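Both of the next two complexes hold subunit A, though its partner changes from subunit B to subunit C.
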Partner chain A sequence: MSVLNLNPQTIKQLKRFRSIKRGYWSAILLAVLLALCLVAELLVNSRALMVSYEGELYFPTYTAMNPGSTFGLEYAYETNYRELREKFEGEDEGNWVLMPPVPYNAFENDLRIGSYPPAAPSFEDQHYLGTDTTGRDIVARLVYGFRIAIAFSGLLLTFNYVAGIIIGCAMGYFGGAFDLLFQRVIEIWSNIPFLYVIMIVASVVVPSFLTLVIVMAALGWMQLTWNMRTSTYKEKGREYVSAAQALGAGNVRIIGSHILPNTIAVIVTFVPFSIASGITFLTALDYLGFGLPPPTPSWGELLSQGTNQLQAPWIVTSVVVAMVIVLLMVTYVGEAIREAFDPKQFTYYE
Partner chain B sequence: MKRIKHFRMRDFGLTLSLSVFVSALVIVGCGQVEEAIDAEDSETSEIDDDLEVVELPPIVVAEGDGLPDELPSDLEWLTNDSDPEFASPDAIQGGTFRTTMSTFPLTLRLVGPDSNGSFTGYLRYNNFGPVSFHPRTRRAIPAIATHWAFGSDGRSIYYRINPKARWSDGEPVTSDDFIFAVQFMRSEQIVAPWYNNYYTDRIRDVKAYDEYTYGVQGADAKPMDEMHYNYGFSPKPRHFHVMSNKWVEQYNWSPDPTTGPYHVGEVSKGKYIDLDRTENWWANDERFYRNRFNPARIRIKVIRDVNTAWQHFLKAELDTFGLVLPDFWHDKAQGEEFDNGYIRKFWLYNQLPQPSTGMFMNTNEPMLSERDVRYGIAHALNFERVINTILRGDYERLPTFQLGFGDYDNNTIKPRTYDLDKAAEYFQRAGFTERDDTGILVRDGQRLSFIVSYGQSHHTDRLVILKEEAKKAGLELELQLLDGSAAFKKQQEKKHQISWGGWASQGLSPRYWEHFHSDNAKRTQTNNITAWADPAMDELIMQFRGSSDRAERIELAHVLERMVHDSGVMVPSFQVPYTREAAWRWIRVPQHIGTPTTGSIFNTQANSAGIFSSGGLFWIDTEIKEETLEAKRNGDSFGAATIVQNDFRTKI
Partner chain C sequence: MTSYFVRRFLLILPTFIGVTILVFTLTRLVPGGPIERMLNEAALAGAEGSTTISAGIDGRGGSVLSDEQIEQLKRYYGFDKPVILSYFDWLGKVFTLDLGTSTRYTEPVWETIKSRLPISIFYGVATLILTYGVCIPLGIVKAIKHKTAFDNVSSALVFFGYAIPSYVVGIACLTLFAANLEWFPLSGFVSDDFDDLSTIGKALDILDHAALPLVAYLAGSFAVTTMLMKNSLMDNLAADYVRTAIAKGMAFRRAVFAHACRNSLIPLATSFGNTITLVITGSFLIEKIFNIDGFGLLGFESLVERDYPVVMGILVISSLLFLIGNILSDICVAFVDPRVKFGSGGSNQ
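Entry: the complex of A and B
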């Protein structure tokens, strides 16, 4: 189905969504942020965007590392482009370096002799939000941390929703023993204390990005099942389902092409909130030290640093403000979607 | 001997942050502690029903072991009444010293389940052994025993008990209490396998010759001082213990009477524990114990969070506070209390055995079995940068594996320092000449990359700097933060590549057998976590172990330490050869503040580092207290006071 070929119902919902200004602008802003995140290497990076050296142009961002010797420096390890820029400016031989707006990556320690990290925000050093306890740039940690959190959240959401939708629909559609069995399974499964499981897992293996997603999906897929079960159950009693059955459509076809599109409102309204909870979960885990292994940039780790270093308020302020803004925007979008998809919009019951 | 018991990923001096970690765990479980205590009380009647009192068997002696039936007549009785006193004659007795612990102990027993918490230290060091060690000369000094003599077999030692010695409940300390100690420690009723084993395997016989004379036979011949340290165990009060199948439960909250200056007073479960000075303590006028242990009471309050404890300290609800951590010393210890001299800051350098901390390379790993790679790694680790930045120049580089044992130290060893040229040279020799796209050296497609596993989350800061700096040398370090026990398990099973951590050091001389002997290289669950095996070294280690000649042992230790350095299997990291503490002005200290073996200036206990009798030197001056509090109300200043004591600093 092409974009232009939307059904009138969807067009109405989109219009309604656009009319809710707060959610609409939040969605646009979030989309922009996500897009920027994908090319974060061009904005926040210790590698230069462009280097002109002896008449030749270099674009180091996405290439293999250039040892210092490439640019006439005396070392074999990766060029420090910030120093290179200063060197070129000093020499004035027509060579130049174009750095990204924030010329630091999320891992390097910008430690200066005579001052101890964390360093306060400084425009001169281009640490716009200061540095953390090991001298890493906070903007860089925030940006790359955000990218990881969003990717984590998105992946987790996919796993949870695929499982939740399949099982929930099956429960609602088939009913009977299958439904009963899964109801009990879910009830039991929901009672597994999530944090303890993570703690145990973290003590046995180093939690990697994927293991964390898997563990959290294994304990989180139940959320959507109840809602999907209810809506499928409701839809199943409708005449169009009976009609499809009468025409000889199979179960998969009925669920897939008839019931699912009619329950999409339920799914869509939950998405933003699931994203928000995914981000919060990862942050909380990192904060407690059960999350991604160091030195992965992460909001939770920054938060934990910040609360231990209240004398360096820029750490905790940056991460709290960033979190509040992102979570607020996601929530606004969620609110707007819910309202846009609300079928009771123009219906009044007396 | 495997000394797993004494291992911890030692966080030299950083007990503060450790207690943060401990308290974080305890918050989850604090409700349970109190419940457990209540349950304990209500169960008492049930316990009585199936209580079976047990008569402990007499000391069993294996064939080939055993002390003579009669006290040998040719013994040369030794004592020490000539070493200088180290307490201040100005000390004033009295007052309550207020300090803190991060968790309430799960038991007041000294042995058995849950008895290895931090509070046990207070009880253990209040249970004097026959001798202690002089904090300056490091020679044996009398404690419960006044005299000692060494048997001709090189592994037995005889003690004469001071007839004045009393338990805190007034009963005299006799030879029988030492016999009972061995029976007790060997019994299964105490549920302490480690002690069971130690007192069977290492202590072979104990015999009373009269009420105040007894002998001990150990497993191996050792130099005289080491004999005291290894075989001079503390007595146990026979009159106090009724051994039964319920001993562990019954004695959970009934602490032993002590032979030291303090005994357990009021206990408010979950809140605080008081240690009261024993009235007319038997050693009050003894040469090395007078003018010491001055507070009449020590109140140890539970404060779970280190930052909360800090606030209590600033409000003068605690008398002292440890400031070893750089951020406490430099950033938090600021403000009017410090500027006006109400609180004084102390920085005391000492010469205690340093924990052997650093990177331990598993030589079972293909690349790490090459010496050039190990040397290259050592030159690619920029410890100096870590020290000069996040550690604020406060820590020092540890030059070699073991240090702080006086004459045993080999001070000629210099650590391998960060040097990209040298690193490149060694890596080149090993065949690593090319760099890949990420800047890491490669050899036939094999990247120069290692996993560094560690268990202390607050060391991440240090490791990320090492990691970034190592990249410049073309070396990749992947950091693997594990839960403390998982990290320990991993290296015990020798599944690590590089392990970041350390071994706590104590005793009078360094240890090599457990860390470097080939017997321990092949097996898992040993302390030879580098899996290092060198026949030449094995021979010297066995010579070192078997020798009872101090001079020979010192010479061997110097050679062995050099061999450890040459092997390059361990890259030593940091040492903290000092203690830093803050105290309210009314806490007074002797002129020298402490001794060369003072681990903590405001240690209320007899010992530090397990053996040296350096504790209990400070006192409380109530007049100064009133004066200070008055000045604080009026905003008067005494002038800021930061006292740095360099006298005992090791010069290298």
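Entry: the complex of A and C
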């Protein structure tokens, strides 16, 4: 603690956060999930983790693609490591292939002779949650879809926060005409039917990852801006601001190093809920077909496949369970943070 | 106060123009509009038996439609003028309540929208009644029985509804109760043999179809409304006037219902106007999931089909309702809370 040089207030808040068990454990679990997602290629991938071929070791996960000829196969395109493993096992010459726990990537169609996708969950085929309507592994789609959704929410959050903090602080701190102008802008902006306009934009320009983030940020920056304005406005009236002004501190310095740290509760409290709404929104857009273009792995696209293929309940079930778990955990964390930063005690009488 | 509301009503116009001009421009800039679609359809129809599918590529020569016809079409849709001019043409028509003609159904947009309204209104009103009918009593009971088993169990449910978006609830219900258990029909507003049913049969049929969508709709507002009710009632129970009432010897029950409850309804009033909006516009997601032929599904389909007159028509109606709904919320708040004075501080949300 002393290394980080935290002030007593922050330590108290951290302690309070840790005392709320379900929020604390959700946070740890989420952190683990995120870490696993960063190295998803090692866990869910069609490339092998390790290949031992004629005494030499290969680690194909993050390297350039190895053509089949590297391992004594006839073809020059990328090695099919699952077939290679079966071949090596059959030959029994001391060569071996170590595959990740789920040996499929999010894009390949695992079509088998004699059956049509979607295929039900099967441990034998290592499709632990089955395949979707084009034979792609659902675990792989879920994991990589989650990674994209989290990255999306994170980026959206950054955009919204940069805009919200700068504009909100300026509105609250400078007040006057600037404040009035942006009040009107926000008033007008928040009257746009949000989802519909995004759908219209997305139907017009097939959105890439970044354009979708920008469009959503352009329509969603108001909430935090408004909260930041209110709390900056409150802080500005406090004595320490006048003291800093009397000492000759500039506006940027006052906002940046005096006011901002005191409004940190507003900023931090919003993070988990913003992440949750980012995921929810992206999934909804993907579900409607106005989100990221195929074949990007996405939960929404899986949901829409699942509702069209109700005879394959494993598709819907997987996504719904995954969404419920992730969103519940994020919300637990959010509640715990809110509780830690703003403990509310009720007293009442009977 | 009056001046505040007058100002709010006047602000509708610039906001409305801002939103529509943005979307109108967007719909004009894109390829794949009605003209391209007609050209493609004409080309496909003309190409039967022959191989002149290249019609759309150079737009001349092989094209089934002559240049003159294309010009005519463009004039018909107003594509021959600059964006800003055709926008004001369109806006002028909107002010005379003419929303144009649907390119997909070739009937007036207003007729298309009107035919979907009853269904959306049915779901909207039912959701409204259910939400307030369930959430207010539940919130009151939860506040009084704070930290009891009932409160904790229902909190878990509320929390679940808070964390999980309503469309996921809808999809889960659809999969479980309609597809797997087959308790409820999969989609639609009524059965195919609806007209042959008796009056009671009709009512039951509608209920049967409405049960799952209503659960999904309810899930959307359930948690927030219940918690709002509970928290504001608890705030009020801790307030001095309730303490005074109890100190005077008033029964706790009476103190809750006669004093605290009315004041606790004030925060709920702020969201009332938005609920009105939902009455008409419904939800794209839930209507799509349950294939309900309402306002939201119409908006979704016309977007997919690039039927821009309908898209714009729906935008007009939903943004107007949204604007009016917000003002309605303010009026509601002023109505239940005589202390509220808008416009003095200039900082209302």
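What we mean here is this: the second predicted complex is superposed on the first by the 337 of 350 C-alpha atoms of A that agree within 3 Å, B and C clash if a C-alpha of one lies under 4 Å from a C-alpha of the other, contacts with A are read in each partner's own complex, and residues count from 1 in each chain.
We take it that contacts are C-beta pairs under 8 Å (C-beta built on N, C-alpha and C of every residue); 3 or more make two chains touch, one makes a residue touch a chain.
None of the values given here were measured: they were computed from a predicted structure.
K.L.:
For A:G289, is the partner it touches subunit B (first), subunit C (second), both, or none of the two (neither)?
P.N.:
A:G289 contacts both subunit B and subunit C.
K.L.:
Would you check which partner chain A:F107 touches, where first means subunit B only, second means subunit C only, and both and neither mean what they say?
P.N.:
first
K.L.:
In the superposed arrangement, does A:E239 touch subunit B (first), subunit C (second), both or neither?
P.N.:
Touch partners of A:E239: none, neither subunit B nor subunit C.
K.L.:
Answer with first, second, both or neither: which of subunit B and subunit C does A:V320 touch in the superposed model?
P.N.:
second
K.L.:
Just to be sure I read the superposition right, which of the two partners does A:E54 touch: subunit B = first, subunit C = second, or both, or neither?
P.N.:
A:E54 sits against neither subunit B nor subunit C.
K.L.:
First (subunit B), second (subunit C), both or neither: which does A:V204 touch?
P.N.:
After superposing on A, A:V204 lies in contact with both subunit B and subunit C.
K.L.:
Based on the superposed arrangement, let me know which partner A:T331 touches: subunit B (first), subunit C (second), both, or neither?
P.N.:
In the superposition, A:T331 contacts subunit C only.
K.L.:
Answer with first, second, both or neither: which of subunit B and subunit C does A:I192 touch in the superposed model?
P.N.:
In the superposition, A:I192 contacts subunit C only.
K.L.:
Which one hits more subunit A residues, subunit B or subunit C?
P.N.:
Counting contacted residues of subunit A, the larger count belongs to C.
K.L.:
Scan A:P117 for contacts with subunit B and subunit C and give back first, second, both or neither.
P.N.:
So A:P117 only meets subunit B here.
K.L.:
Check subunit A for residues that touch subunit B in one structure and subunit C in the other, and list them.
P.N.:
Dual-contact residues (subunit A): 203-204, 289, 311.
K.L.:
How about subunit B: which of its residues touch subunit A in the complex?
P.N.:
So the residues of subunit B in touch with subunit A come to 327, 330-332, 385, 388-390, 392, 420, 424, 435-439, 457, 460-461, 463-465, 467-468, 471-474, 479-483, 485-486.
K.L.:
Which of the residues in subunit A come into contact with subunit C in the complex?
P.N.:
Listed in rising order, the residues of subunit A that touch subunit C are 180, 183-184, 187-188, 191-193, 195-197, 199-201, 203-205, 226, 230, 233, 276, 280, 283-284, 287-290, 303, 306-307, 310-311, 313, 316-317, 320, 323-324, 327-328, 330-331, 335, 346-350.
K.L.:
In the complex, go through subunit C and note every residue touching subunit A.
P.N.:
Checking each residue of subunit C against subunit A gives 11, 14-15, 18-19, 22-23, 26-27, 29-30, 146, 159-160, 162-165, 167-168, 171-172, 174-175, 178-180, 186, 234-235, 237-238, 242-243, 246, 252, 281, 284-285, 288-289, 299-300, 303-304, 306, 311, 314-315, 318-319, 322-323, 326, 346-347, 349.
K.L.:
Write out the stretch or stretches of subunit A touching subunit B in their complex.
P.N.:
For this pair, the touching residues of subunit A are 64-65, 67, 75-78, 107-109, 111, 113, 116-117, 133-136, 202-204, 206, 289, 293-295, 309, 311.
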